[in-house]
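What follows is a pair of complexes built around subunit A, which joins subunit B in one and subunit C in the other.
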Partner chain A sequence: MYAVETIELSRVFELKGKSILALDDVNIRIGKGEILGLLGANGAGKTTLVKILSTLLLPSKGSSYIHGHDVVKEAKQVRRIINLVSGGETPGYGMLTVRENLWFFSQLYGLSSSTARERIEMLIRDMELEQYRDVRMHRLSTGYKQRLNLARGFINDPKVLFLDEPTLGLDVINAKHMRKYIREWVNADKTRTILLTTHYLAEAEEVCDKIAIIYKGRIVAYESPSALKSSLSNGVSINVEIFSDPTAIASRNSMVEKISRSSGVLACMLEPSGSDNGYHDYMVKHEGGSYSNGRYDGSISSDGLTRVRIILDDDSKIPDLVSTLVLNGYKVLSVRKDQPTLEDVYMRYIGMREG
Partner chain B sequence: MDREGVIRAVVQGVWLGWKVESNWTNPFVFLTYLIAKPIASVILVGLVFVIGSTASSIQGSREDLFFYTFTGAVFFIYPATIVISLAYLVHEDRAKYEVLKHVYITPSSIQTYIIGRGVASAINASVSVAVSLLVGSIIFSNYFALNLPISASSVDYLTLLSSIPLGVAAFISLGMVLYSINLVTFKLQYSLSEYTTGILFLLSGVVFPPKMLPYPISFIGEVLPTTHFLNVVRSSLLGYNAHESMAYLLLSTILTIAVALIFMRRMESIARVKGTIDRKAEY
Partner chain C sequence: MSRGRGNIKDDLILNLKVVYARAYVRLKGLLREPHWSIAEVTIPLLSLCAYIYMYTMLDAPIEYMAFVIVGGAMLAFWSNVLWGVSAQLYWEKETGMLQHYMLSPASRLAVLLGMAAGGALNTTLRSISILLVGTLLFPVEYNLLDINALLIVFLLTITALYGMGMLFASLFLLYGREATHIADLLQEPIYLFSGIYYPVLSSQIFSQAVKLVASIIPLTFGIDAIRLLLIMGKGMEDVLLHIVGLSLLVAILLPSSYIALRKMEDVSKRHGRLTLRWQ
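Then we have the complex of A and B:
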């Protein structure tokens, strides 16, 4: 029996006479003791899946099970063993203290007074909320509110915990603390399971045993992080350093487009130099030969160099690519072959499916 | 800013004011509210006047009429408080505190949670009723020479105290119905409770007996648990036999509970289909 199983799960939303397919025949199986990372862009269907599995939403088609209990027909049994934490949301009543909020939810989960007291103290300690125990929730900082949110999620010691972008809006330290706790929580009891939705690739790689990439409601890849990376074994990732004006965003966008249209290029990611708030521009080639571009967040370089990460279908195409860049007037400073990263995998799968 | 700019700003102010005042709802829905509310108020005032002017032939004496309207208004605090608080509950928990979904996914049924919240409102209402009864009777007795024909020794305390939990159960069920409607909608949280308490006030014998209303409106008044609750309260305060009213109260309460539970189950299912349990208000 799987901790979480979905079979051809689909969900259609009707919006002003239009049908929007949010989930399309999703099949996932998460074993006990596993952390599955569900990766996808905004609107890909991550939250819809979590809502269905946490009994908040009914599917349009298909079935889903938590520890063998049908999520639709046996919602009560499912609710006994699950909990849900959503990032960036209010974790309770603002005028109640940290302890009172946790107590309120512990009672809704039917915990005895002694168990509730013990667990609340443990969670307050684990989440490093000791000094805020009797502080009203509305006085907490975003990071500590999210710690309280996470503590609420663990209050019933769920068998399956849904974490919907739990580190959204958190600083590096709080996010790191949260990821560490999540990993340790599952390791401590191998009957526990987590479904973590995120669009932070590094987070998924650090915490998850398996990763599912969801795109436009469909699971397009479902493997361990290492298996996903090796799925790019036919391709090659290269890092190219090009000297350019760091403020000339339009010129860099044009560079991305030129690279993407070169022979053998599957995807191209541009790491900017600080002028555009840490967002990467990218362009991917689709199966039909079309292109699409977009942005996602990443690290910032401020040394005047533009670093481009390119996924090629074959390393024999590297000389042609460099020639194209030089012919277009770019100063190529270095070309370095690299191990595929999860970002490459993500870009590749999104690109393949969108066409 | 030039004249055109000022006009543009004023127009935008009017437009936004209309949107906010109408609670962002459909203009047609808001127009019905704009029309229905004053009409209901005017009718209510008119009815109170008609009944007041013919009170002696209906109630027997000025004191009897005072007792009827005073106890009606005081004990109507129970349904008004409970129904309004439960109708607002969805809005508060879903949009303001954002905890509804977390409450909903606990193994405790949402009905149990609502009952708890309803009981809290009932306790608050009890304090209000007790204070209003005491202070109101003192003020009317001392300043208007209107005495309540209640004798502490003749009050049927057992019936009175039994009627309150029974009435509270019925009002929580009514509140559950409004809660359910608000669970699948977003813009009715204020108007729905206003409408409902207004209708209950008009039809439940708060200031005049429902039988004075034209049929079939009077029939609706006769089946409402609020009507029977007030009848039992009045009878028990006067020490009259309230068995018949109590039986009607029991019956109407059971009926209201059954309807509320069925209705709520259906609305919950619709909410899960529509995905409205955790959807933020569309403001």
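Then we have the complex of A and C:
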């Protein structure tokens, strides 16, 4: 029996007379003791899937099971063994203290007084909330509110925990603390399972046993991070440092396009400058030979250089690529061959689907 | 069989805990911000004073002063039902708490009962304060002969009233953002028809049709019967019709609130928007 299983799960939303397919025949199986990372852009269907599995939304088609319980027909049994934590959500009543809020949530799951007391103390300790134990929730900072929110998710010691972008808006230290705790929690009891949705590829790579990439409601890849990376074994990832004006959008777009149209380039990602609000520009070549471009979230580097990550189908194409750049007037400062990252995998799969 | 009984027992314990926990939130709020209670007692007393002075100037019968004080005390329950129960699911949604309830194995009715229980206890204290202060300020006389009948009527009134509040809670949520407007719309007609400051059912001014419409409001039957028992010295036999009316309202409103709650949850799961804030 799987901890989580979905069979041809689909969901259609009706919006202003139009049908929007949010999930399209999704089949996933998560074993006990696993952390599955669900990666996808905004609107890809991550939250819809989590909402169906956590009994908050009905599917339009297909079935899903949590520890063998039908999510639709046995919602009550499912609710006893799951919990859901979403990034940025309200972790309780502002007027109640941290301890009182956790007690309140423990009662929603019918915990006995002694179990509730023990678990609340443990979670307060684990989430490093000791000094805020008797502080009212509305006085907590965003990071500590999210720690309380995460503690809420563990209050019923769920068998399956859904984490929907749990580190959204958190600083590096809080996010790291949260990731560490998630991993340790599953390792401590191999009957526990987590489904984690995230935008952050590094986060998925750090904590997840398996990764599913969801694109326009379909699961387009479903493997361990290492298997996903080795699926790019035919390709090669290179990092190129180019001296150009990093703030000129037209110039940057033109650079991405020129690189992408070079022989052997499968995808091209431009690291952002300080003025880009953390977005990466990218361009992907599809199997049919067409191209698509867009932007996605990422970290910012601001040392004035433009760094481009390129996936080539063959490393013999590197000299041709460098020549193309030089002929187009770009100063190539360095070219470094690299191991494929999850980011490369993500770009490649999204690109293939758009093709 | 024993497994089935075990499940029923587990469910019962769970839901009683939920009722207590939700009531605790309400009571804790009252204790943490006691200045609100002062305002909630003082402000109704002002309207109550206005009616008493008006009746005094018009040389109305002396028992009208007591009518106003009893009406003012019961009004606290109506305000609580409207703002503390009917609009509550809507507020829970707006604060992002509704999803936590929907996600838990707790019965949704238990959550609403907790809100109602916390509100009722809180409001009883407010109502008693209004009754005591009003009685001390004005020369009113009470003539209570049948305390059992008074208790029965009071409990039936409160049950019917909170049943109505629980029914409205789901309906308000289904109507989305307009909860406060619906509450506002309901407030004044209820003041008019339920006879908070004057008798409706025993009055000659109102037609039978108006009295019939007014009877669907639990407060109308409740206030009328409480006045008869507490002020006019009447007994159980004089309020039998009120008791039957209130019992019927309880029998209709409680199951209706359960059905409305199921309907609300169904709509929520079908459209996926109802538990989301700002939708």
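Keep in mind that, in the parts below, the second predicted complex is superposed on the first by the 355 of 355 C-alpha atoms of A that agree within 3 Å, B and C clash if a C-alpha of one lies under 4 Å from a C-alpha of the other, contacts with A are read in each partner's own complex, and residues count from 1 in each chain.
By definition in this document, a residue touches a chain if its C-beta (ideal position, glycine included) is under 8 Å from a C-beta of that chain, and two chains touch if they have at least 3 such contacts.
Quantities reported herein were computed from a predicted structural model and do not represent experimental measurements.
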First (subunit B), second (subunit C), both or neither touched by A:79: both
First (subunit B), second (subunit C), both or neither touched by A:18: neither
Touched partner set for A:100, first subunit B, second subunit C, both or neither: second
Subunit B and subunit C contact sites that coincide on subunit A, given as residue numbers: 13, 51, 54-58, 76, 79-80, 82-84, 89-90, 92-93, 105, 108-110, 152
Of all residues in subunit C, those that touch subunit A in their complex: 10, 13-14, 17-18, 20-21, 24-25, 28-29, 32-33, 95-97, 99-106, 268-270, 272, 275
Interface residues, subunit A side, partner subunit B - complex: 13, 51, 54-58, 76, 79-80, 82-84, 89-90, 92-94, 105, 108-110, 152, 156
Complex interface listing, subunit A residues touching subunit C: 13, 48, 51, 54-58, 76, 79-80, 82-84, 89-90, 92-93, 95-96, 100, 103-105, 107-110, 152
Residues of subunit B that touch subunit A when the two form their complex: 97-99, 101-109, 113, 269, 272-273, 275, 277-278
